[in-house]
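One chain, chain A, appears in both complexes that follow, with chain B as partner in the first and chain C in the second.
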Partner chain A sequence: MAEPHKLAEFIATRSSTGGHGRYPRVEIDVSSWQIAIGQLESQNWILFGLWGERDSVNMALLDESASDVAIVTLPCVEGSFPSVAKRHSPASRLERAIRDLFGLEAEGAPDVRPWLDHGCWDVSQPLRKAGIEKIVQPYRFLSAEGESLHQIAVGPIHAGIIEPGHFRFHANGETIVRLEARLGYAHKGTESLMRGSSLERGAKLAGRVSGDSTVAYAAAFARATEAANAVDVPVRAHWLRALMAELERLANHFGDIGAICNDASFSLMHAHCSVLRERVLRAADFCFGHRLMRDCIVPGGVSSDVDATRVGMLRALLAEIGRQFPALIELYDNTASLQDRTVSTGILKPELARQFGAGGFVGRASGRNFDARKAFAYPPYDQLSFEVPVLSEGDVNARVWIRIREVQQSVSLIEQILAQMPAGPIRSQLPNASGEGLAIVEGFRGDILVSVRLAEDGTIERCHLRDPSWFQWPLLEAVIEGNIVADFPLCNKSFNCSYSGHDL
Partner chain B sequence: MRKLLLQSLIRAPLTEILTKVDDAEIADLASKLDVASRRRLGRSLSIREVDAGSCNGCELEIHALNNAFYDLERFGLKFVASPRHADVLFVTGPVTKNMCQALERTYSATPSPKWVVAVGDCAIDGGLFAGSYAVSGGVAEVLPVNLYIRGCPPRPQDLLRGLLALLETPT
Partner chain C sequence: MLLVVLLAPLITGLIRKMKARLLRRQGPPLLQPYRDLSRLLHKEVVLAENASWLFRAAPYLIFATTWVAAALVPTFARGLLFSWTADLIALVALLGSARFLLALAGMDIGTSFGGIGSSREVMIASLAEPAMIMIIFSLALLAGTTQLSGIAQYMVSPDVGLRVTLGLALVSLIMVGIAENARIPVDNPATHLELTMVHEAMILEYSGRHLALIELAASLKLLVYLSLIVCVFLPWGIAPAAGAGIDFAIGAAAFAAKLTVACFGLAIFETAIAKMRVFRVPTFLGAALMLGLLGALLLFVSRGL
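Here is the complex of A and B:
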């Protein structure tokens, strides 16, 4: 009998290890692992995460048609597992990271170069049972050969105020033949620090995975711990979390829209969008006591409530956005010199977006209709009305337009939240129990996945945080091919992948 | 576009006056700065920002310094693209081991006299990431630091006050 395409059926026939909240986790053998890889390869399922344990490897799978997510665990008896990347390339960097951190080998992997480990740590494979002595390997960039090709090396420190990463271009004159990114410069060892931490400290670490997504990460971490403890948080806390999440989305989208235009030297748009961003941050500061709303979401609920004055302030913010933003959209749409830079630049083909399961505006600008708020309808989004904008052009312009539409949707969502938010308590106590939980939250950049396992005393035994950038960074390399070097900042900004979130 | 530009002409500017606060810490650090070097700097500083593995939170707030509300350049302060043009290195993050070499090279590429500002709690002592195998635990582990600006991330006003402390002569 052929294996079912439905993830739920695949999982049902295998022995469950019990909870991960609403998402099942099953331990499987090598043959089932291969079947799962086959389903990824034929694109029935989407790779949603791949991370190591001391002696096993976990893979999160998404069946998009049914909005099902499950985790499969493969014990690594010999310290190795069959490579997923061998047949499904989006797994490649994840496998390289697993080896760098846990020392688990992906058998038959197409790329065995280190990824996060640059040979600068005192130990190698720091998360394995016992760290081993340092191994330093030379790093070879992929090559491109041909007449008059030259290399351009950029980074890790860039000309602007951005995160560290290295980009190696092979170019023919101005035209880029190949781009390869080398990341890991911002690796802080967050997952090792998570081990043995209290939930309180874990929440703070999660909130510092990627500064621009501090709300989304804190929410994902909190939801995962609540799933592990099988605790429901007060309804109002869900609404306040969504309020913060939408404010964060607004701030980031304003920042991005302006910055993309700025990278096309259209600073007027940048100046106006920066003002709107600042207004959002100030409103957030007034309402929650922190401009980025850091540490405002905690396991069990949220740390502060909004009163009538604060609601009034937020309504004023929405009114101001309503007054200013339409003129900016018009400005973007009617400036031919700007459109000349963004239209048909850096095209991401829908097939690639689908293969990599690219989330956020990167996926949605290339025809992938996926948004965790809709797919999993976690509260309060199940009670709110909103649209997920999707375009198919896949160029810089489409990624700008997705952001513009999402700003409009977020404004509407905040209006609905302010009008409908139920009264009540905002925090419940977690019981300090053992368990495991998984949560998926839609950040401004895409879907964030957090898996957590708690020990008997309620401390964190293992916590994995998967940034949407893992499945977006490789696509930037594909997108840039055939574009000119001068358009790289534009393409890069339109993706706005996280370095810190990816490097962890 | 014309309408937008015209409106900006007739509208009052958004830029705000920076209120001074008595920050003992900043005043103390500022007083330690060499008076002679202040004279050489005059009232203008070029700043090179280096992200040494921050979460990007500090960068977001440093970016905000350029918006209309804070308008960094009115104080004679500007961010430059190369350390060779810089007087000040503005370093964020716990200084990951993977960034140590790049940070050291940036410092040596900066002409003297030069100042190093450690921005944010991570840059001060590694913050929440102190003790990790992957971080050095603060800028001072790698470079001599002249000024610390606290916060996670520091607010734009705090960043501005810290920078102005570098410019103003101690009283």
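Here is the complex of A and C:
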């Protein structure tokens, strides 16, 4: 059998399980599963997600050339499935997480250490079919051997106020030989909590997966449930969601640009960017009643509308950004000491970015031209004009520049949204129907994937939320190799992966 | 002598305040460093289990040597208690031993951060000290003495003239001072990033009165360098050894004004520049060393003419 390169053809030849919204889901057997892995390995397709069920495992696949996404489901009869990571390493941590949560084994997996479960939960494998005794496994860090190598252990508690994560460096003097991250400290059991909860509660849980992306998560969750219910949302709601998403992107990018410079001890930039970020947050508070716009997006629409005064306020905000931001770009570009730190530090090779399917500024700074807003053109982005900035250098400087360009694009997007937003209702009622849906939304970090399955009574049977950080964290380890220890904070901040979204 | 100790935290507070104002922040009050010190002094000391006597003794020794060093630098008057016994070279030696002790203490506990901090500090010191010695040579050759009061006296006298050597020495001294005092761009005194610290990494394990002493010693060191710069290169208004009360008053006022200006300069410099990569520091200090060397060389050449 010749291997099909088009995802659509591959899916068409398998029996569909009846829709996952606009994206198909098919149940496949082991041989098809291996074909899919082969396609991932040869990088025709990109691994877009891998998550467990009680007795099966789902894999989301992306065919970038055709902007196709499909889900393949493999039933796990013996409680195990052939490992994807064996041939395609980006899946490794996802498989380890599946085992920690569902107890499904990946056969032949290269790494069988636990990932999210540190042995501190009350139960082991909380989502599996039948409960089992609590297992606590010792955790061994990967080693690096050689003369004059030493280990530096950092975290999970850090000196600054950041999220918890442990980093184990093997260094030769100042040069890093190997970095291994250990995450899972911020595990909240979101997927367990989702099970059996109402849509309303589910939306709140989704909005709390990662605080800085609360709008993107809420929008992804809402879109997934709407797809499951096959409901159309009022047009104005789509526009308001996009407005919030762009405001969130603005606030986070301002924060990041400042914070990256601050990690190079250039606090002037940090101070100015913080002011801009604060202005965005205050505008959001004024317009939507919450600084981070949490719980403003609900399944079926949005919870609050903006009137003429609020639109005026947003226009004033854009004008202010337009006045101040160019000077900041110039400051960044013209400070030689700062450029000296960011240029050619922490280079991510385009091949790696492609292999891992890194989304957001991490992928776009390394030549991967992918943005869910463009690729899937969900409303209202199909009616807005914007560019997706792409650079190929892959260093810290490139990641800063992608953010700078995205700020400019977001400003233009908000202007368009304010000018073109149609009037009308902002929320429609969702019927309590069963069904399953998938949604992909571009958060400020990258593509967020949410898959949801609803039971007969309208409660959530299974909900999986995949943060873009799953495919960015491993790259940080690759990027830092050969850099010096003192540059790690700079690289880490330029990635700015989510701990909470990843640990779930 | 007591005066310098009392004054030192104020300088730290002043720089912090100025930097904050430059960033449009309100900043901590000027007296905050004093409050921090008193808070630390009232706290109990938490010692690591494997801390040796060295770790406990180091803060006192560091403070003592830095204090003596501070006593060697004329602030607003030339008459000094210790002038008869020690000169610039002794000053460098004292500061050097303080640093040596701090580096030892950093490694004593055996944490990886302490080790990193110590190794970086020693790397910086190995370049900063020769540069400092070169500066001293140039100054000593010019003034004909290594006594600081003598140098200050010579600098006020009219036979100094405009000398390139002095300019080079000044730039070099400022560079060394920045490196020695763990300021941006060599180190960031305000960072929370464990992995980038130099000075802070060595003292991570210290607490309570030990930390208070080390902090005070750090403030003192900054004051020592600032006074050194103003005393050697801006000696105007300094009171003679046998001056009257009014001379001392003028000297004190001039000293305060000069320090304020110096602090302001430092604050602006730190705000306008990012920290450099650790491996760039040798280049930075190498430049300082070269300037010092050039200054001394120039002196010989111009003498020969």
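Annotations for the structure displayed:
In the analysis below, the second predicted complex is superposed on the first by the 503 of 504 C-alpha atoms of A that agree within 3 Å, B and C clash if a C-alpha of one lies under 4 Å from a C-alpha of the other, contacts with A are read in each partner's own complex, and residues count from 1 in each chain.
By definition in this document, a contact is a pair of C-beta atoms (placed from the backbone, for glycine too) under 8 Å apart; a residue touches a chain by one contact, two chains touch by 3 or more.
Just so we're clear, the structure is a prediction, and the values are computed from it rather than from any experiment.
If you count the residues of chain A touched by chain B and by chain C, you find the higher number for B. Within the superposed three-chain model, A:Thr335 lies in touch with chain B and with chain C [touch as defined at top]. Once the two complexes are overlaid on the shared chain, A:Arg99 sits clear of chain B and of chain C alike.
Look at A:Pro489: by the touch rule set out above, it reaches chain C but stays clear of chain B. When the shared chain is aligned, chain C comes close enough to touch A:Asp263, but chain B does not.
In the superposition on chain A, A:Ala327 contacts chain B only, with no contact to chain C.
In the overlay built on the shared chain, the residue A:Ala271 is in contact with chain B and with chain C.
When the two complexes are overlaid on their common chain A, residue A:Gly255 makes contact with chain B while staying clear of chain C. Once chain A of one complex is fitted onto chain A of the other, the partner contacts of A:Val209 are limited to chain B, with no touch recorded for chain C. When the two complexes are overlaid on their common chain A, residue A:Ala159 makes contact with chain B and with chain C alike. Common to the chain B-facing and chain C-facing surfaces of chain A are residues 159-160, 268, 271, 275, 335.
Remark: chain A residues 118, 120-123, 126, 131, 156-157, 159-164, 184-190, 192-193, 201, 204-205, 208-212, 214, 255, 268, 271-272, 274-275, 277-278, 281, 291-292, 294, 327, 331, 334-335, 498-500, 503 touch chain B in the complex.
Listed in rising order, the residues of chain C touching chain A in the complex are 19, 22-25, 112-113, 115-116, 119, 184-185, 188, 190-196, 271-280.
Within the complex formed with chain C, the residues of chain A that make contact are 150-154, 158-160, 173-174, 261, 263-268, 271, 275, 335, 337-338, 340-341, 484-489.
Per the touch definition, chain B reaches chain A in the complex via residues 1, 3-5, 14, 49-64, 66-69, 79, 81-82, 93-94, 96-102, 106, 128-129, 131-135, 152-153, 155.
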